[in-house]
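Per-chain residue numbering starts at 1, and chain names A, B and C are given in the order in which the chains are listed.
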Amino acid sequence: MDTVKQLRDKIAVGQTKSTDAVKAVFDHIEKHESTIGAYISLYKEQALEQAGKIDEKIAAGRPVGPLAGVPIAIKDNMCTTFGATTCGSKILENFHAPYNAHIVEKLNAANAIIIGKCNLDEFAMGSSTENSGLKKTVNPWDTDRVPGGSSGGSAAAVAARLCCGALGSDTGGSIRQPASFCGVVGLKPTYGRVSRYGLVAYGSSLDQIGPLTQDVTDTALLLNTIAGHDQRDSTSVPETMAPVPDYLEQLETPVKGLKIATVPHLNKGADASVQKALQDALEVYKSLGAEIIEIDMPHFDYAISAYYVIATAEASSNLARFDGVHYGYRSQNANDYIEVYSKSRDEAFGQEVKRRIMLGTYALSSGYYDAYYLKALKVRNLIRSDFTKAFEQADCLMMPVSPTTAFKIGEKTDDPLQMYLADIYTIAVNLAGVPGISIPCGFDEKNLPIGLQIISAPFSEDKLLRIARMHEKQTDWHTKKPNI
Amino acid sequence: MTAKIDEAQVRRVALLSRLELSNEEVAQFSTQLSDIVEYIEKLSGLDTDNVQPLAHCLPVYNVLREDVPHPSLTNDQALANAPDREDEYFKVPKILDDNSGA
Amino acid sequence: MAELEYKIIVGLEIHVHLATRTKMFCGCELAYGDMANTHVCPVCLGMPGTLPVMNKQALEFSILTGLALNCQIASFTKWDRKSYYYPDLPKNYQISQYDLPFSEHGYIEIPTEDGGTKKIRILRAHLEEDAGKNIHTLGNFSAVDLNRAGTPLLEIVTEPDMNSPDEVGALARELQRIVRFLGVSEADMQKGHMRFEPNVNLHITRNGEVFKTPISEVKNLNSFRAIERSIAYEVARQLHEFKETGKTLQMGNKSTYGWDDDKQMTVLQREKEEAHDYRYFPDPDLVPVEIDDAWLGEIKARLCELPIQMQQRFTKDYGLSDYDASVLTADRATAEFFNATVKQGADAKRVCNLLTQTGLKLANEKGTTVDQLGITPENLAKLAQMANAGDVSATAATAIFEEMAAAAGNPMQIAEAKNLIQKSDAGEIEALVDAVLAENTEAVQDAKTNPKKAKKAIGFLMGQVIQKSKGRANPKIVSQLMNQKLTS
């Protein structure tokens, strides 16, 4: 399967028809989706109809958008006026949004073709996609293993070439970790870079939408489409404050005098194969003339604690609206309006969602607010200042995405705390609001992909992508495909 | 060792969260949440006396909208997802108490 | 048992709907009385993925009100979520302000019976979104209408500085007059634009010791009468309860009452304040607001003279009665029209009479305000001067006013066209006086010699002269000439 860039270039010059590309991807889906389980919903007819129109336009020589005719998938926590927007939850299984998310409007304006909506951990809460209330997704590299999460469906779909590229959302690593587990590129942009309007909220001060793609070029291309100010999102940053550059334009230009920071004591927590892959990647950069410095991030170890307070506190409030009154699942066993709430929520939410709602409610409840929630906000400030200091010394930080490669399905489901602890490398990035990317950088002894995480200063995605591209040009990890 | 969050606490939080948990869930959450909260208490070891809480990562202020109307949904669109409706209203089992808080 | 001595203590929590065009966080238009669930959108329905964006006008209206209530305006404020589950609250949290309200520590001056004023302290004022409405007419079910959900709501909390039902009523009326003056709220009580929740208790003195009765909070009052009566009822009820049980205020034994308008009594809703745990925290979907001096100055410039200040100025500077001054300051249009007219040099009392007796009646009939009758302050001032100079009679002035409202035009032209100019030419009037005196010798006799009948007789003679002139003789000159002739 072509990359997004390759396909759109072919379609634009009439070398390939969008209709053929869409048909080909659906043929592939029909063969493999039953094994992978990447999608919650697919829209073949609609996609072919849109492809037909694009082909006509191109044949007529009329101008088309920068993603014209390319089959793209989105995570099913982004609202669309077509189909359902389920968030992988029984509570929204039949919810039909009356509006499109900002990024859906952007994809439509770029003439991309949204072919389906991908599976996820329910309400994006999880790191394995095992928490989906609707279906199971497996890792295309080893179908006994998880694809990572929460954007596991999007990552698996890109890895198995069940779409050209996809969008996910990242609250504590939910794009980067599944990208790493599935051997694809995944970017979490700076908080405020991409509008959250229409993204069903998990942790509002942490959530950010980003691309999952086959290579860095495609990530730049998709970011070009989705980045930018939106007046419907008060936390979307005005372009006067942070202009949106063309991320493709300078992509091939290496960063001169690149200075990379690493945090040695953190890396020790990762598997040997992951540490080795990181070292190999650093060697690649050294061979390109980069300077590696070692720094300390003294508050990094507190990130998991701070994150699981802040994210769940926000989630407990964000998910209060799912109550069976105005939309979504309503229990048939409710005898009064209070039971409409408590029974609908109990019957339709999965265990992980309930656990996080409970934890967040506890952290905000009277008597505990100062000790947990307020404390976490202060620690968040310390963590952010760690990053600020790091970026005063170096262009970027490099570290693993996850301490391990993809684990076995069911392996960690009984011990939620152990699952949370595996988010150590990704979570702090969300707390600080900075951008982070995962790119393929090797395989372990079980032939499972390993990701390299590169983190840079707020709104420096252009530099981040150029740094990632420097590695990609020297290696071929991104060209490896799973045998499915 | 006594649980950090005992079952009575779990029930209190479940009530606030409007979750009607089964007895098994209450027991399970007591154990799991206690583990998690114990881990989170790591935070208390950090001196934050002179640190400001950071609720927003970005220095953005005064995002304001002009007072200009936008089209609303039609009544049918508004109620399209309603689990139950009566004429142009959302319908719920009778509300007996006045628990409004505005 | 001797009657107990007691003091009534009342504080108020007031919710005021702001008169913006759109809701606080979405672009739905505010509307009252329309079909249910037709002024709603994904944002105010609390649909997943939607985000709030603050209405600038709502914030500026609030700050303007805060300034009028003499509050300190915060330079930094933010939005918090207040969590509770209720079907009229689609997100199950209300966006409100918790620890950093936009304004604090002000006061409102209310008129007292002796014509003076009393300061009631304002604890705080903050902005929040209103909930929708639950309607309980479906038997075993309730219906939910979310048209009102998201309406900008100003919550004002006073200190417990009011000591009688009348004072609470006065505050409610004064606040209504202020927000209408400022143009920030229509403050229509019947539409629920203003809702009041008094907290009432008594400080009872018995044998030299002061006992405080438990506080009652009466919810959701939306008429001035209900406010005054519910407080009067609570005073009697609490006094009775204290005599019977001796119960006093303990930590947390505040009870919530509703007002039953049919039975004219308060009804207990919740014995103890239910263990509410609102779990306030900063709303991550909204960014903070910084109000700098420039912006605050801009809003300050929109502040007008407050009605109670105007009322006092009208009595002091123009010698108007307190009643007349209060009628003129009941709404801003009338007050400013009066002000503008007087500034043209017209006699304030005359303008007041023309406005209160003729202008307000006409405006009311036409469903408009006096400044919209088509009369300019200049022309009204001219009319007042004509009336004062005796060029037209009081009755004629009314007719001219009506004509000005009906067809515009300047008062002198109208008076001339309608032949309403009074005769002030002494020679012409003297002839009429002489004729009347000659025709009514008996009355002249009474006027000159019978002190008992003199007043009545002079009145009769005056009337005859006016009649002979077809109402156009200037009474002042008639009277002068009459007196000269009768005393000579």
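List of remarks:
Here is the rule we use: a residue touches a chain if its C-beta (ideal position, glycine included) is under 8 Å from a C-beta of that chain, and two chains touch if they have at least 3 such contacts.
What you see is a predicted model, and the numbers here were worked out from it, not measured in a lab.
Nearest to the common centre of all protein CA atoms is the CA centroid of chain B. Interface comparison, A-C versus B-C: the higher number of contacting C-beta pairs is recorded for B-C. Our note on geometry: chain A versus chain B, Cα centroid distance of 24 Å, whole angstroms. Chain centres here are Cα means. That of chain A falls 57 Å from that of chain C.
Our note on geometry: chain B versus chain C, Cα centroid distance of 41 Å, whole angstroms. Contact with two or more other chains is made by residues 42, 45, 53-54, 83, 85, 87, 142, 144, 146, 277, 279, 284, 286-287 of chain C. Residue positions of chain B with contacts to 2 or more other chains are 16, 18, 55-56, 58, 60, 63, 65, 73, 90, 92-95.
In chain A, the residues that reach two or more other chains under the touch definition are 95, 98, 205, 231, 234-235, 316, 320, 323, 325-327, 337-338, 341, 361, 365. Those residues of chain C lying in contact with chain A across their complex are 42, 45-54, 81, 83, 85, 87, 90-93, 142, 144, 146, 277, 279-281, 284-287. Taken in their complex, chain A has these residues touching chain B: 94-96, 98, 191-192, 205, 231, 234-235, 237-238, 241, 299, 301-302, 304-306, 308-309, 316, 320, 323-330, 334-343, 345-346, 349, 351, 354-355, 357-359, 361-362, 365, 371-372, 374-382, 384, 416-417, 420, 431-433, 458.
Residues 16, 18, 55-56, 58, 60-75, 78-79, 86-95, 97-102 of chain B touch chain C in their complex.
By the touch criterion given at the top, residues 77-79, 85, 87, 92, 95, 97-99, 101, 196-201, 203-205, 231-235, 313-314, 316-317, 320-323, 325-327, 337-338, 341, 361, 364-366, 369, 373 of chain A touch chain C in their complex. By the touch rule above, chain B contacts chain A in their complex via residues 5, 9-10, 12-14, 16-22, 25, 29, 32-33, 35-37, 39-44, 46, 48, 51-58, 60, 63, 65, 73, 77, 80-84, 90, 92-96.
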